[in-house]
Amino acid sequence: MTVAVVILLDGVLYAAVLFLVAAGLTLVYGVMRILNIAHGSLYALGAYAGTSLVLVYLKTGGPAPLMYLALLAGAVVAGAIAGPLVERLLLRPIYGREEVVQLLVTYSLFLILEDVMKLLWGVDPYYVAKPYAFLGTVTIAGVRYAWYQLLLIAVALATGVLVSLAIRGTRLGRMIVAVTADREISATLGINVGRVYTLAFTAGAILAGLGGALVAPLISVAPGMSVEAIVLAFAVVVIGGLGSLEGAALGALIVGITRAAAVQLFPEIELATVYLIMVAVLLFRPRGLFGEWETRRI
Amino acid sequence: MATVLETHGLTKSFGGVLAVDDVSVAIAPGEIVGIVGANGAGKTTFVNLVTGYLKPDRGRIIYLGRDITAHPPREVTGLGVARSFQIPQIYASLTVLENVLIALAAREGQSLRAWAPLSTRVREAEGLILLEPFGLTEHAARPVSELPQGGLKLLDIALASALMPRLLLLDEPTSGVSSAEKFGVMDTLVSILQARGVTVIFVEHDMDVVTNYAGRVLAFSEGKILADGAPGVVLADPAVRKAVLGWA
Amino acid sequence: MGDPENMRGGKALPLVAAAVFGAAPLVLPGWVTFLLTLAVAKSVMVLAIALLLRGGLVSFGHGMFFAAGAYTVGMAMKWGGMREAVVLTFLGVLAAAAAAALLGLLIARYRGIFFAMLNMAISMVVYAVLLKLYWVTGGTDGIGIRTPTILGVIPERESLRLVMYYFTLVMTLPAFYAVHRFWTSPLGFALRAVRDNEVRVEYMGTSVARVIYAAYVLSGALGGLAGILTGFSVGHIVPDLAYWTTSGEFVFVAVLGGPASIPGPLVGSIAFEFLKSYAYKYAAFTWQMTLGVTMLAIILFMPGGLWTIYEGLARQGRQWRLSWKRTG
């Protein structure tokens, strides 16, 4: 019984972080039809930036609760800077080009960002446990759980709802939907497609960074975070369907709980189970749970 | 075979818009059929359905007595059907001749051979002969990217013709081709096809081409066949003139 | 289909190359010969990646075939007591081809990002398996590859480096030739056609999936060969061979050398092997960034890679020769 509770709680926690990262990935894909291999690096960037900002803030000795703002601010600033930069400089020149080129370019970006982070933050791991430890623990069904973890889940949930509402309710959101559905018609309707692209990509970067920053107090922030993140996020997006926010949520839950179960029950094949689910989905329902099959397959 | 191609109640809609509406038609071997209609009347959708690119919502397609409804393009092609496209579908990174050689190898069923060269004396000779009616022989060694728009169109048709089909569907074969070349190419092409006994269905906007080369005309309007008969009759029909040509 | 000038250059080049490569170790220091051996061995994998690139596909997981070949040989030596290099090479290539034939059934249906990431994901599973089944694969320690026998003869210690160099050369020559035949064959053209226009390929009655599958199996076999030959020279194999970074480096070299030719992968691989040995020493922190920036530069400004430089020079050379002929 306890194991089941652990799996559920840990699974939902994984899912929360995965959702944020995958939501960013799927949003960018839906709007721009580019699957950004460097998205995991944006996640890592948020983790580093958030962690650094918290460490800096803690040195100033201000009131402890504000450190959460520092964490969030780090993520948002990192995404807000990296997003437009990457989109304008790297992605704009390759929009019309074939997929192979886009993959190679985002892969190059990934390599570059990895070393940029190494240069800025070095190779030693960063630990900032204060945001995690500060809130204390709670016992749920006999299992010790940190309040911070619940907070993380709540923030992820709220973000998901907010993004969903923003897309449906705001003018920008509707423009995003329009551009996603048909780029050319949107342009003739007077929508500044370039600006929508930049905004969508930046939103995606911020979401990824948010995932990284929120998870940072639970782990050690070190080089190598990006790869696992992108592969898992890709698996989530494959399972949930490219371009679908609900798919990202459901996919994240599936992957998160599966991973938690594997860690508890079959630790040897932990990561392999996620990949195997992805392979299974690709075999039986290639467009994912909520995805639309666009690619013409003759 | 009494007919080369039959469709029975062929229907296809896209998100509520009926593109092809209950179309039934029978084409006899050797016929040269022109399809006319305003934009969006369902002409290209019809060609896409017949060649297997799209699956019909309802209806059947019979080719040489075989039901080929919803068979993919690869299978339909294998049975002897070939088509050219509104926007030329060619291999842009290769030369004109290489494009044709690939088609020839495909016709021979040799596409998957990995050791013997594609370019043999025999194949090259055949390829050059194939390009002649289209005036492309002198461009054979040039990369496709250097061809003018009209040349791309002609190459597209050449590729379809290279497969030696029994039924050839051409989607707007002369659009983009210069007026000077148009009739020369069509003259040569049609006489070659007729000599081979190929059945031809071509979609056209140029009424002169239709009048000169089609033995029968199908006028499409809003997904249905409005009129079906000799070009002189169909194109003089007031209903057709209104729907297709926009004349009152 | 090419002008006579081209043909002449085309025929001379392989002979010149063969002479250069044949004589090289006799004049170069030992460590250069060693790096050259590795470069030639790995170039076969680069060839495999370049093959797929010309079909419009990129795989970030081909390290798994590299590892498949290497580990088949390693385990055959360790557990099967085998020692003959030629036999082992054939065995390893067969294993890698079989793996590609199996995986290809799933993977050849995909393109673009799915193709790339599926390969990556499966290679990570392979990596995990190599790591976890340590009682068979040696885990993180890997497997040490003893000196094999070449056609029954155990090489002398002093001449081992030379022997391995020539062995590698001899084993890669058929691979280069096979790929050359491939590119001029209907299948090779079909692969390029697939990249240009899948719809047209299907409308010619050719199965795109079959073309990609065939190319995938060939690329897997080539990757396996590269892994085997590298394993023999280095003398040690580790699970890292299947890690995505290994695969990524091969992709980089393919882009660097220029995928549009056969010599490109060879040139790129040699350049890379030497650059790597210097860069690791002096700029470990910026190695990946250097790769990334270089790859971007090539993609955006010189998509044909390093080979474009050679082609440019060759064209210049021909023009000069022609102008001399005219002026008499």
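Chains here go by letter, A, B and C, matching the order in which they are written, and residues are numbered from 1 within each.
Here, a residue touches a chain if its C-beta (ideal position, glycine included) is under 8 Å from a C-beta of that chain, and two chains touch if they have at least 3 such contacts.
Keep in mind that what you see is a predicted model, and the values were worked out from it rather than measured.
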Chain with minimal offset from the mean of all protein Cα atoms
C
Farthest-lying chain, centroid of Cα atoms versus that of subunit C:
B
Inter-chain centre distance, subunit B versus subunit C - centres from mean C-alpha coordinates, in Å:
43
So, what's the distance in Å between the C-alpha centres of subunit C and subunit A?
34
Please report how many Å separate the Cα centroid of subunit A from that of subunit B, as a whole number.
48
On subunit A, where are the residues touching two or more other chains?
298
Among subunit B residues, those touching two or more other chains are 53, 72-74
So subunit C residues touching two or more other chains come to 195, 199, 202
Spell out the residues on subunit C that touch subunit B in their complex, using ranges where they run on.
1, 181-182, 184-190, 192-193, 195-197, 199-200, 202-207, 210-211, 214, 218
Parts of subunit A lying in touch with subunit C, wherever the complex brings them together:
35, 37, 90, 93, 98-101, 103-105, 107-112, 114-116, 118-119, 123, 227, 231, 234-235, 238, 268-269, 271-272, 275-276, 278-279, 282-283, 295-298
In the complex, the residues of subunit C that touch subunit A are 53, 56-58, 60, 106, 109-114, 116-118, 120-122, 124-125, 128-129, 132, 195, 198-199, 202, 208, 244, 248, 251, 255, 285-293, 295-296, 299-300
Touching residues (chain side subunit B, partner subunit C) in the complex
51, 53, 72-74, 77-78, 82-83, 89-95, 97-98, 101-103, 105-107, 110-119, 124, 141, 159-160, 163
